[in-house]
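Structure, as structure tokens:
As written, the chain order gives the labels A, B, C and D, with residue 1 at the start of each chain.
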Amino acid sequence: MEKLLGKLIQESRDLAGHGRVADYIPILAEACPNDIGICIMDIDGNIHGKGSYDHGFTLQSISKVMALMLALLDNGKQKVFSRVGMKPTIEPFNSLHDARHYNQRIPSNPMINAGAMVVTDLIGGRGREKADRLLNLIRDITSNPNIDYDEETYLSEKGTAERNRAIAYLLKDLRLLDGDVEEVLDAYFRQCSIQMDCMDLAKVGLFLANRCKAPNIIWDDGEEMASLILAIMNTCGMYDFSGEYAVKVGVPSKSGVAGGILAAVPNRFGIGIYGPSLDQYGNSIVGCKIMEELSKELDLNIFR
Amino acid sequence: MEKLLGKLIQESRDLAGHGRVADYIPILAEACPNDIGICIMDIDGNIHGKGSYDHGFTLQSISKVMALMLALLDNGKQKVFSRVGMKPTIEPFNSLHDARHYNQRIPSNPMINAGAMVVTDLIGGRGREKADRLLNLIRDITSNPNIDYDEETYLSEKGTAERNRAIAYLLKDLRLLDGDVEEVLDAYFRQCSIQMDCMDLAKVGLFLANRCKAPNIIWDDGEEMASLILAIMNTCGMYDFSGEYAVKVGVPSKSGVAGGILAAVPNRFGIGIYGPSLDQYGNSIVGCKIMEELSKELDLNIFR
Amino acid sequence: MEKLLGKLIQESRDLAGHGRVADYIPILAEACPNDIGICIMDIDGNIHGKGSYDHGFTLQSISKVMALMLALLDNGKQKVFSRVGMKPTIEPFNSLHDARHYNQRIPSNPMINAGAMVVTDLIGGRGREKADRLLNLIRDITSNPNIDYDEETYLSEKGTAERNRAIAYLLKDLRLLDGDVEEVLDAYFRQCSIQMDCMDLAKVGLFLANRCKAPNIIWDDGEEMASLILAIMNTCGMYDFSGEYAVKVGVPSKSGVAGGILAAVPNRFGIGIYGPSLDQYGNSIVGCKIMEELSKELDLNIFR
Amino acid sequence: MEKLLGKLIQESRDLAGHGRVADYIPILAEACPNDIGICIMDIDGNIHGKGSYDHGFTLQSISKVMALMLALLDNGKQKVFSRVGMKPTIEPFNSLHDARHYNQRIPSNPMINAGAMVVTDLIGGRGREKADRLLNLIRDITSNPNIDYDEETYLSEKGTAERNRAIAYLLKDLRLLDGDVEEVLDAYFRQCSIQMDCMDLAKVGLFLANRCKAPNIIWDDGEEMASLILAIMNTCGMYDFSGEYAVKVGVPSKSGVAGGILAAVPNRFGIGIYGPSLDQYGNSIVGCKIMEELSKELDLNIFR
């Protein structure tokens, strides 16, 4: 396995040059496109890490997965999905045209920004408390109390977030947010700035692969929650590349613009990948390639 | 198993009253909403049929699955997906707003009408020949030479197809169809009018579940084709209910407005269901319910 | 006046090189971009023609003005505007996105293709009879019995009209056309192919400027019809350049892709211009410039 | 004239019951739907007021006209219209779908909120200074130094402006605003809260009708500015009713949700109307009716 991972990293390194590191805030622009890391954990507890697998990076959109988990724990399936849909959409993640659909009801799904803001609104607590509760959940799942916010990223995001502000105010105007707009946005920026490494991500993936069970965590509806979240990751997790990714890789995954990918193979593996160079969709260009190869090599495709 | 199927049919019969039989052409409106049938075939060749499982009905949109198969055989993956996407969309199946996306490129996916017309355009042969080749493929897969067009449905569809004509002429205007518009439409209406029963559908499902292998069929890329088609069915197969269906059922499926559902559980089952009463999305209301229960009872959810 | 017109033609000739002659059908592509003509008639019957003012060209979209006139005569204001709006739109003339608005009601206005098809549908008679009645109305208004269809243009348009077919079938699907789609389209293509020269256009303009009165024509509601049509020409007549044109020229006008412009200054002038080189909006590039200068020289701007 | 105005107010009073007073902020909801006022001033200085013609109300969207004037004075025509269009649009005034067009360029016109915010951004000065300069311009035009902000309206608007905030942040995200978003919004809310009566409005109307000339004001390009603004009022001034209004009334006008209408008949009249009951478009229901009748009685229609 170690050898396979090393080979995959080696082979994909050239690809990094074909993508671009996110640069809408300075701290993301500083990432080194050649840093590539991967960590795989299997259901029996074996861990395989390679490359910069212990290099920290911010979750960004990957946090939408754990935020959904927490909102479901706090509110139940029925309430959550009365306020956000489960529909994949062809609109980009930061779409305001999705607004067309709001007029009729609710954001399409919890993986686009508008839907994720509604999810954050649903998380118990006010302002920072929402984000802190999410951080604690992540620390529990990973048994890693050292995970924390990256304050510089948080402050940068908060200072240059015109589009997200536009989305949030629109949601408020349409009566789709309960809380104060700036409070919800603050929690949202905080959750995006949580910093983890590939091993942490692999643990979250394994938790999902293992039907939301961990030595220190037992949830009543864990099995249902896991399959629900994996199904949504599969249809909506890789921005508007989700459809192609489901065909090419066939593993429920979620990406973030800092270059992370969280993936879970039901009953088998949890996977965390890092590679900050992004493709046109905003997914790690190296991460997608590695997942495609890994899916073939280890026969991970759930549609096969 | 027989008992389980009987129970599911029994329990879901009431639901039929909450939906509506399609009525845009007379022959569909004549369907009896209480006719419910199901057929399951497992990978070892065991067949279980219950209810009106041998009642014939037209494929309608289910034909898009087999048409995609044939277009892939004729053209290869690369050519097909240069002309139609793999992206799930929030637009309804008969969307012309999908046109917004055409302006930039191509129809979103092969399961909405616009994409399916491009697929039909890609199938080898001209006019009726396209449909005849598809019919022969279906006869081969099911080893059932008696499958045929329902001429009345074909003629009715052809006579009342303003929206599909609008879509096809728009595609032509955008240079997205090679063939003559009326020829492509004719083949498209023919393929929709192919008549099958639940057992035939289950055989097609089993063929997909079995990686596009059958005693009389061996394709080089069968395994890849199967996973590709199942992934697309999962994200796009149940109209704009596909996202919720993936969460609730988790089995790659494709529905048609005559009330059929084709489903495939990789490496395990092929399933055909019939129930002409439709929900708001155009899916068999009874079929969706039965699939949901069946998924729980037999642990079919691929995300679990 | 003759001198002024000569000067305007002279000065604008260079502009023709900055536009493009329409080329979607061969016969339009054959037009000479340097052919420029203008004819002005005042309310006292004085006629001033210059350049290729007696060169024939097809009406194309200009026919929408006279078609609206005839539909109003046949049906009355109330009926016509229950089926087509009076709203200027930012969509281009051949928009299918206007469809979004159809879903709620009706095409935006009678000057975009969708609205013009509804207007043609409203004209009395079937198929060719609709177009023949319109031709006769135009012959009456201009007292010119020699005006006729250009058969070559008519046949070409009819053969390469995918987008207009898409629009018409969509209208039919939405129950916005009463007549047979192909019949309405046929009448629409015929009306677009009526051939006139600048003097004929100026006569139509004068008829509008003179409150729909002519020696041989007296209509009860002529005054109201004239102001209604001029108001719609002002907000919708120059495709999506209408807003800028109203600011820069301030004279109700209608253009066609063959290069004609019909203009009317209430109580003062009727104007016909020809210049086949088009700007990005599909308006005669020379015609717009001449109208702008003419408006300043003769103080024609109704907002001044 | 007095008699005519009295009759028009009398006849239209019943209509007020068919509309609704704006209620998105409390102070607007307090308006009495039966308060109706009108003031007409002719070019010779005669003034005719009737009903509640000296009742104060806030300008709301009417301020967009004077803001455009000031932005043009500060920046010139070319700069202003490089940042906002002159195109009428079918979108409602508070549209975010207009965003589709932003992606390509700029807001459609200065009379929808997005365009008006860009105009406010263009006005010289920062924050409150922008609004104060506009207030001073209005005081000059009306020779009424008592005109002022209504602080309660200003504060209410500012506190419940999610949609306008969404629009402004979107504009900022698209690099269409230079200034700080909250500063521009503050100036925008201030300008909307300027309080005037019908006589003040009539004076502004007369100023426009008189080619932007007044005893105390002489502008070099006054004539051009007047025709430009009147043309835009005609195509865009009455929200998405502008097209119908141009047909039925034919007088360049601008309405506000507090119930005011500003109208100008070139070279003849300035008109101010008040009637807080609104129709479905957000225009004074009584005001539109009075303008329609007045247009007929005094032959004001510029298309006639």
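Methods note: contacts are C-beta pairs under 8 Å (C-beta built on N, C-alpha and C of every residue); 3 or more make two chains touch, one makes a residue touch a chain.
As the structure is a prediction and not an experimental result, all values here were calculated from the model.
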Item to check | Co-neighbours of subunit B and subunit A - touch as defined | outcome: none
Item to check | Remotest chain, subunit A as reference, centres from CA atoms | outcome: C
Checklist entry - Copies subunit A, subunit D: same or different interface, half of numbers shared as the threshold? => result same
Checklist entry - Between subunit B and subunit D, what is the gap in Å from one C-alpha centre to the other? => result 55
Checklist outcome for this item: So, in whole Å, the Cα centroid of subunit B is separated from that of subunit C by 47
Next on the checklist: Counting only residues that touch at least two other chains, what does the list for subunit B look like?
Outcome noted: none
Checklist entry - Can you list the subunit C residues touching subunit B in their complex? => result 96-97, 99-100, 162-163, 165-170, 172-173, 181
Checklist entry - Which of the residues in subunit C end up touching subunit D in this complex? => result 85-91, 101, 108-109, 211, 223, 226-228, 230-232, 234-236, 240, 242-244, 246-247, 250, 252, 266, 301-304
